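Presented below are the structures under discussion, each in the form of structure tokens.
Okay, so chain A shows up in both of these, paired with chain B first and chain C after.
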Partner chain A sequence: MKKILSGNLFFTLILIALLALVPYIAPPFYVYLTLTSLAYIPVVIGFNILFGYTGLLSFGHGLFLALGMYTTAFLMRNYTMENLEVLILASALSAFIVGLGVGYICVKYTRIYFALLTLAFGMVFYTLLIKFTPITGGDEGLRITFKPLLLGLDFRYLPHLDFLFQPYYYYVLGIVIILTVLAYIIVSSHFGLSLKAIKENSEKAEALGINIKRFRLYSFVISAIYTSIGGALLAHITSHVTPIFSYWTTSGEIVFMTLLGGFTNFFGPIIGVFVYTLLRDFIMSTIIYWRILFGAALLLIIIFVPGGISEGLIRIYKHFKGA
Partner chain B sequence: MGLLEVLEVTKYYGDFKALDNVDLKINRDERISIIGPNGAGKTTLLNLISGLLKPTRGKIILEGKNITNMSPSERCKLGIVKSFQIPSYFPNLTTLDNLKVALISSLGKSKNFLKSYQQDEEINNLSERALEVFGLYERRNFLAKDLPHGDKKLLDVASAFALRPKLILLDEPTSGVSIKEKRDLMGTIMSALKEMEISSLILVEHDMDIVFNYSSRVVVLHNGKILDDSSPELVKANKEVASVMFGS
Partner chain C sequence: MALLEPSTITILVLTGIFSSSIIFLISAGLQIVFGIQRILNLTVGSFYAIGAYVGITFINFFLKMGFSVVYGLLFLILAGLSLSFLGPTIERGVLNFVYKKEEAFQLLATFGLVLIFEDMIKLIWGSYPQISDFGILTYGEFRFLDTSFPVYYFLVIISAFLIAFLLEFFIKKTRQGKKMRSVADDIEMSEGLGVKVRNIYILSFTIGTVLGTLAGALIIPVTAAVLGMGIEAIVLAFAVVVIAGLGSMRGALLASLIVGLLQAFITFIFPELTTFVIYLIVIAVLLIKPTGLMGKEI
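What follows is the complex of A and B.
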């Protein structure tokens, strides 16, 4: 156990150090991609608390990503709310309320029924975003026209990219570290073990006194909050929020990132985010039919390495260690 | 003193009547075996008591409280726990973590979001102790799915025992194990009952040696009805029971 913990800790520290160096060593475009990936980390971590730890596959997490983005854009446009911490809390609160309502209905079902229900809720939200034009901006979405205050500090004097690549980058990195540590604590807690038990054998878990529907709901709400906070962070990077973030393809991307990195390992989805973002950019710039390649990649992963890249890396590590 | 009462319970599966107006009173410190031919309604009765099934008609009362509509998890908190006919466990958790799930639940710690379950001394000590009682300590770090069949059975029973229930329901704990293993397994279960101070037991079992050796009372079910309910000696001497059970 200590070995695994120290291995995880070592991996984490190396990753943080590399990420902190990115704005100084990488070309601006790659800093942008890394920043986007960072904003997606809470999204996949949240998604995986529900999928990897509780065993519920959601195809509607785009809903919560868009919810965080729209909450941020709406409050900034209509209430000139500029403090990012308040915007993040507001996004978390909106996800808590919506997650409680949607989750209450969805967790009554499991497997394909749960997946289809979440997909349906995501698509309902997508339609609402398009139809409620006065609030949501319809097809056009909402633009974020000014920069938020970070810990009360005003960086509006900086050009947009300088703002994103310096103070905002480190702010997002800090938030992501805090959320990742918190998620690790949650999945390693008594509650986390109970979630794993529900995933493994829900009938047995219930026979041992665990209220499985309630615990699935807790997991759903935590997952929604994480995803929504990711959305709040992403909104300032895109500066423009549109209904596409609630569309099923976005939800599918979240699933893909998680499967790519590996849902059985806590750090798997984080690896998945970075690999997906960089790979997509690389493949999109070389081949028009990039979705075919991603489809083929997903197929190969599911067949040969169902635990994703993280499992592949662990296999390679064990192979060389044993050799 | 009355612990559990099953009052006029009927259970239908579609048009099939699995239990027909069954009345049963279970007292503290009783070790009851439920026997009967296949399809007599034994497992149905156990599932109705544990809450995995709801009766079509009738009531189930625990210590004066109507628990008929309570879920298995609510009944578990009130002290009724069931182990399964086919061993039920968490396959990708270690033997030790399987026990910890049960203990965390029984101690009301499941909602603790921030404390690491690996560093909870109370949980660690209690789960290791329970594994020692059931002879599984040496295999505490095995994944449950990698245990031999007999150990999986023991693990299922151990996790039920770890909750320290008022009434434990064991559904064919010895099915699928060899004759020698059966005796060892029942010996372990009986010493665990004593060690963990669990006084009331309902056992569904096909092996009559086990039934007559380990029970203080035997209930015979046939076609969803109680055919006999008395001491092992009297049940053994009942010719109608012998005819139903052994065709003699």
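What follows is the complex of A and C.
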């Protein structure tokens, strides 16, 4: 057990070191893709706390991604709020409030009804974003026209891409590491184990004294906050927030990334984000019909390796170790 | 805000019932597959889109061949039916492998199919909207009070009712229909009694497919076929089946009427709020009666 843990730690440190080197060794375009992937990590980790650990499939997580993005854009435009820490906290707070309300209703149901209800909420939010033009900018969305302060430091003298690829990149990397470690602690804790117990056998968990609905709600709110923070980080990268992030196809993408990497493993969704972002870009730049390939990939994963890439890697590893 | 005069109300009611008929066909396709296979088949939206594109190709081809435009409706129905081969192909090729998996994976498998079809349409017909040469006024107009409606609307409404009736008859009275119901009730028991579940699955999925493609073919005299129409359709059909209760055919008829009429009126009074209001109703229904207006307990 200890050996596995130290092995994990070793790989994690190497991965972090590699990620830290990316802005120096990779071409700008790949730095951009890596940065985008980093911002999506809290999104999929949050999604998977709900799906992989609690057993609830949300088909409306785009709502919280968009919530984080719009909270950020709204506060920057209307109140010229500049501190990124404040913006992130504000996005987390709005996700806490909305997540508590939406979650309270959704966790009354499980399985397909939970998926349907979350999808419905995502769609309602999407139409609200389109309709309330004075606040949300309607179809056009909102543009973010200036750079935030990082830890109170002003980097506005830098050109946009230099800002993204240097200070902002490391800021995001730092936040993502903190959030990932925190999530790892959460899922390994007593609380995380209770969630797993609920997923595997909810009646038994209830008999053991776990308040199922309350734990599902906690899981939902944590998930919402993570996803929203991802949105807050992403907003500065796209510098343009649009209602499409709340549409059900975006929610589908979040599900796809998680499945691609593997929802059964804590690190699976993180692998999924990187593979998805890089692959999508590679495929999109070679052929315009990328959806055919992604749809087919999704089908193959579901049919043959429901545990995604991480399960596939583990299988290969075991195969060679056994041989 | 425009005033709701009697003639406006008549127009809205009729266009509402017309879109209800189309929405009913699509959601009936969702219901039959959910009723038998317990899979929420998002692909039905893609079938609708493909039905529309193929319908346009069919009708333009026949019109060029010199056939009279009077046979238009016939060609559209033919186009819808000709796509029935998609049913067994997808059921055997994809769904067959996910029946034993978790619901989440079944839903995602159909999402994968939606992605594939979306691009197949782009590959075959390109990104530009496709328009048919079959005008909506081909069958003339029907005058009522001081307004007039295309006769085509009535033909589609009648067709939808006819299909609803045939479906009901098929499921309730015929041997195959009875087998379907027994599979829906208890798979193991039906298997034990000699029902070939495999064939019933193929049959129900094919019916679901054709309902979608027919709906798509029938809509094309009214609108152009555009990319993303499948996804838009699934959003509505999905609301219908939740309001109806998953798996309930009669519920789908009622809920389609509610959604179709609401859509017509809200689009007229507060355009853009349509999806919002419809999905608020969806949430309300899920909260008050999660099994829908006419759904069975699951």
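Simple rule for what comes next: the second predicted complex is superposed on the first by the 323 of 323 C-alpha atoms of A that agree within 3 Å, B and C clash if a C-alpha of one lies under 4 Å from a C-alpha of the other, contacts with A are read in each partner's own complex, and residues count from 1 in each chain.
The rule is simple: contacts are C-beta pairs under 8 Å (C-beta built on N, C-alpha and C of every residue); 3 or more make two chains touch, one makes a residue touch a chain.
Treat the numbers as computed from the prediction; the structure is a model and nothing was measured.
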item: Fit-or-clash call for chain B and chain C when the two complexes are aligned on chain A; value: fit
item: Touched partner set for A:N78, first chain B, second chain C, both or neither; value: neither
item: Which superposed partner A:L193 touches (first chain B, second chain C, both, neither); value: first
item: First (chain B), second (chain C), both or neither touched by A:T145; value: neither
item: Arrangement angle, chain B at one end, chain C at the other, chain A at the vertex (C-alpha, nearest 10°); value: 80
item: Chain B or chain C, by number of chain A residues touched; value: C
item: Chain B versus chain C as contact partner of A:T127, first or second or both or neither; value: second
item: Minimum distance between Cα atoms of chain B and chain C in the superposition (Å); value: 13
item: Residues of chain A that touch chain B when the two form their complex; value: 1, 185-186, 188-194, 196-197, 200-201, 203-212, 215, 218
item: Interface residues, chain A side, partner chain C - complex; value: 51, 57, 59, 105, 108-109, 111-113, 115-117, 119-121, 123-124, 126-128, 130-131, 248-249, 252, 255-256, 259, 288-292, 294-299, 302-303, 306
item: Residues of chain B that touch chain A when the two form their complex; value: 50, 52, 71-74, 76-77, 81-82, 84, 88-93, 97, 100-102, 104-106, 109-118, 120, 123, 156, 159-160, 163
item: Chain C residues touching chain A - in the complex, by the definition given at the top; value: 40, 94, 97-98, 101, 103-105, 107-109, 111-120, 122-123, 231, 235, 238-239, 242, 246, 272-273, 275-276, 279-280, 282-283, 286-287, 290
